[in-house]
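I am attaching a structure below and will ask some questions about it afterwards.
Letters A, B and C name the chains as they come in the text, with residue numbers starting at 1 for each one.
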Amino acid sequence: MGSDGAPQEGFLTTTVDTVVNWARSNSLMPMPMGLACCAIEMMAFAAPKYDVARFGSEAMRFSPRQADLMIVAGWVSYKMAHTIRRVWDQMADPKWCIAMGACASTGGMHRCYGVVQGLDNFLPVDVYIPGCPPRPEAVIHALMDIQEKIRNEYSVAQDGIFGKEQPDIAPRKPSIVTPDGKDTISPSGLYTQ
Amino acid sequence: MSIINDTDFKETLKFWPRHNEAIYRRLESKHSWIEKTSSGDGSPVDALEQEMVLNIGPQHPATHGVLRCVVKLDGETIKKCVVDIGYLHRGIEKIAENKSYQEFMPYTDRMDYLSPYSNNVAWCLAVEKLAGIEIPDRAQWIRMMMSEVARISSHLLWMGVGLMDAGAVSVFLWTFQAREDIYAIFDEVAGARLTVSHSRIGGVATDINDVGFNLIKDFAEKFPASLAGWEKLLNRNRIWIDRNIGIGYMSAEDVVAAGMTGPNLRGSGIAHDIRRFEPYLKYDEVDFNIPIRTEGDALARYFVRLDEMKESIKIIRQCLEKLETIQGPVRVEDAKRAYPSKNDVYYSMEGLIHDFMYTDTGVSPPKGAAAYHAIEAPKGELGFYLQSDGTGTPWRAKMNSPSFSNLQALETMMEGAQMGDMVIMIGTIDPVLGEADK
Amino acid sequence: MPQHDRTSQSPSTLPFNFVPQEPETAVENNPHEKATTQVDTVISALEKEFTDAIGETVVYAGERTVRVDASRIVDVCVFLKDKQGFNYLADLGGIDRFTEDDRYEIFYNLVDLNDSKRIRLVIRLDEEKLSVSTLTGVYPAANWNERECYDMFGITFDGHPDMRRMFMPEDFEYFPLRKEFPLLGVPGSLPLPPQEPTGELTMDPFPAAHGSKPPKSFEEVQTTDGDEG
């Protein structure tokens, strides 16, 4: 599992990695930066029908110091962008960001002077959700993508042992398994039915 | 003991003296300071040096959007409040000058995003007034029914979020579960949960099929029971009443002078509802009451909105009965006024050409014409003032949004109030920053 | 479906050619006419009281729009409020007509709550002298609406208690709803936050389009001096 170095060290750090990443991904505390209509769908995503508490993200913390996932829901005006950046800077590492909806991702339907055409102009975004507003299922899908991304991260311990040069691991797409759990289906196989 | 002796609290803090002393000593950091009524040598203390300025920033948990209040506090009392909005400003009035009347429909969804159907209806009615388009009866009943469903949806969110801000989080979960039923209705009727653009100029996009009809019928039957259950919990609830009574009091003269609208007017005794003032759609043919209260505080507005939900159910029931008998087209059959039906577009040449021409040039009201049409949105009087230049895009579209008019009064409402009531006051005005900031 | 007889018509008279609607068709029998805008008695009272300040009245879709002289608007509103009972200001807004003279127009939407009446007043302002007296003394509700007018058009209101911008930040130098202001704004007029926590404001409105990406949280910010830890 480890690329270089003694097998025992690689085994230890990747096991620690697995545990730490499992803990982090299953206890994401979203900080809802609910600005506009997507905030209403985000509230619906926390509501009983599309319960996000079952993913461990029940604790929606409005204080940036206590949260690790910022969900920006709604269009970002230039005036608000500075506030969002300050809030983002106050969040402690590790932190992730979801740009929920078309407006947060690219400015959406608001192609005008007041709206920043995309969060990624000033924030590092991890997952973009298309939709206007995206259904709560889409937001759950994005949360699961973030969980997948976290599970594939390497730990800081490896930095100390192997140095800063690490291969950039692309997140593995979730695979679809057959009901007996033995084989995987490629998505194109699904549409032949 | 010296810190507390200088303050007003020395009489009340005779119990737990060491505990409070320790707390006040911790408070004396550079970020806050304690009010002193007299300095060490007996001379009066300059009041201006002893007030705290608190920024209740655009990002805060009271999820009414991005509203910023900068308050000057004297202890717990708010001396002065400055409301800063504009954090959600997009310039949709400028966008409207570049889109055709039909293209602008989705932007109206995103104004008051708690009840998007009302905004669609408001825009359609304003354009229809400008161009002199008459809509078929069935479309009017459908629009009216869906607007009332949207009104219930908006008031449910107000109730859930208002109570969550006051501390009762369970009501938020219950009302959102009820809103999921409403979303199922919109999903079936209009194709989208939240941002429906179902209303079209000249009518409505599609007719309601049986599934949607039955969903609305079931909702109209089951909802009053859930509402009665919540009322039983809240209407005589000591905590809820204590938190709301006397808060945010606006007298009848204040509320008219401040230009407030909607349940804020009706909670202070002014009998003004656009559905009776300037009846539109078929509101003059249904039987419903307008709830009015005279106390003028947050509790009065709470009761006004609750009763409005019950009246909406009444209206919905009457619309359902009427829709079973009235059949007909759901859009006016004039190619220069409304889109042809999809059937015509796909299967006839004229329909296809009309579709293209309508998208391209659209409704072209007379050059220089101007009209204003207002509806009673859940928040108040939502109106559009449209000026035409003869082409298919408006020359000027001014949006008279209720939340903008209501938020003006927040500054006067907060003066002299306690800090802990601030959240209740914002909730009772029920602002939606998407429409306040245009 | 309307039946079109195309046998005798030339293409230029086909019914779906673009032709602006004739005013008469929308004026008479407008199905959305309301009873509240039948305020002819009020207009005649206005004309009797202020003979020189009241201009022409446009009637369209049942509504009456009265043209008032800009310098007398406060007197007219005081008369309407005290003598005619229009106690509620519903809306106030500006319009950019983009003409050479009398470029800007402000409309006032006044309502009589007790007698169910609605009237619209309109004043015209010239670009050279872009200011008018405030209405906040008569209707306190005009406060934010006038601020919005100032923010969007640059029309100043003399005597306003709080003449600041409403939506745009105070640093913004333009007036967005003027017709010459581009829809996408002026690049660099509104700065974006810095690309790293300690940095300078970003003046480019679309830095992501030019390839700059804010550093990820788990990457270290590249500093020019040496390597640390």
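A few points about this structure:
By definition in this document, a contact is a pair of C-beta atoms (placed from the backbone, for glycine too) under 8 Å apart; a residue touches a chain by one contact, two chains touch by 3 or more.
Only a predicted model underlies this, so the values are computations on that prediction, with no experimental measurement involved.
Relative to the centroid of all protein Cα atoms, the closest per-chain Cα centroid is that of B. The chain pair B-C and the chain pair A-C differ in C-beta contact count, and the higher one is B-C. Work out the mean CA point of subunit A and of subunit B, and you get 32 Å between them.
Rounded to whole angstrom, the centroid-to-centroid distance between subunit B and subunit C, based on C-alpha atoms, equals 21 Å. If each chain is reduced to the centroid of its CA atoms, subunit A and subunit C end up 41 Å from each other.
Chain contacts: subunit C has residues 167-169, 176, 181, 183 touching two or more partner chains. Along subunit A, residues 79, 84, 111-114 each make contact with two or more other chains. For subunit B, residues touching at least two other chains, in rising order: 86, 89, 91, 94-95, 437.
If you check the complex, the residues on subunit C that touch subunit B are 1-2, 4, 15-16, 18-23, 25-27, 29-32, 34-36, 58, 60-61, 63, 65, 87-91, 93, 95-96, 107, 109, 113, 116, 118, 120, 139-145, 148, 152, 165-169, 176-177, 181, 183.
Those residues of subunit C whose C-beta lies close enough to touch subunit A in the complex are 167-169, 176, 181-186, 190-195, 197, 202, 205-208, 213-218. Across the complex, subunit C is touched by residues 78-79, 81-82, 84-86, 89, 93-96, 111-114, 116-118, 120-124, 153 of subunit A.
Partner subunit B is touched in their complex by these residues of subunit A: 32-37, 39-41, 43-44, 47-49, 62, 74-75, 77, 79-80, 83-84, 87, 109-115, 132-133, 135. Residues 85-86, 89, 91, 93-95, 98, 125, 128-135, 256-259, 261, 270, 272, 277-280, 333-336, 340, 344, 348, 350-351, 353-354, 357, 361, 364-367, 369-374, 381, 383, 385, 387, 390-391, 395-396, 398, 400, 404-405, 407-408, 437-438 of subunit B touch subunit C in their complex.
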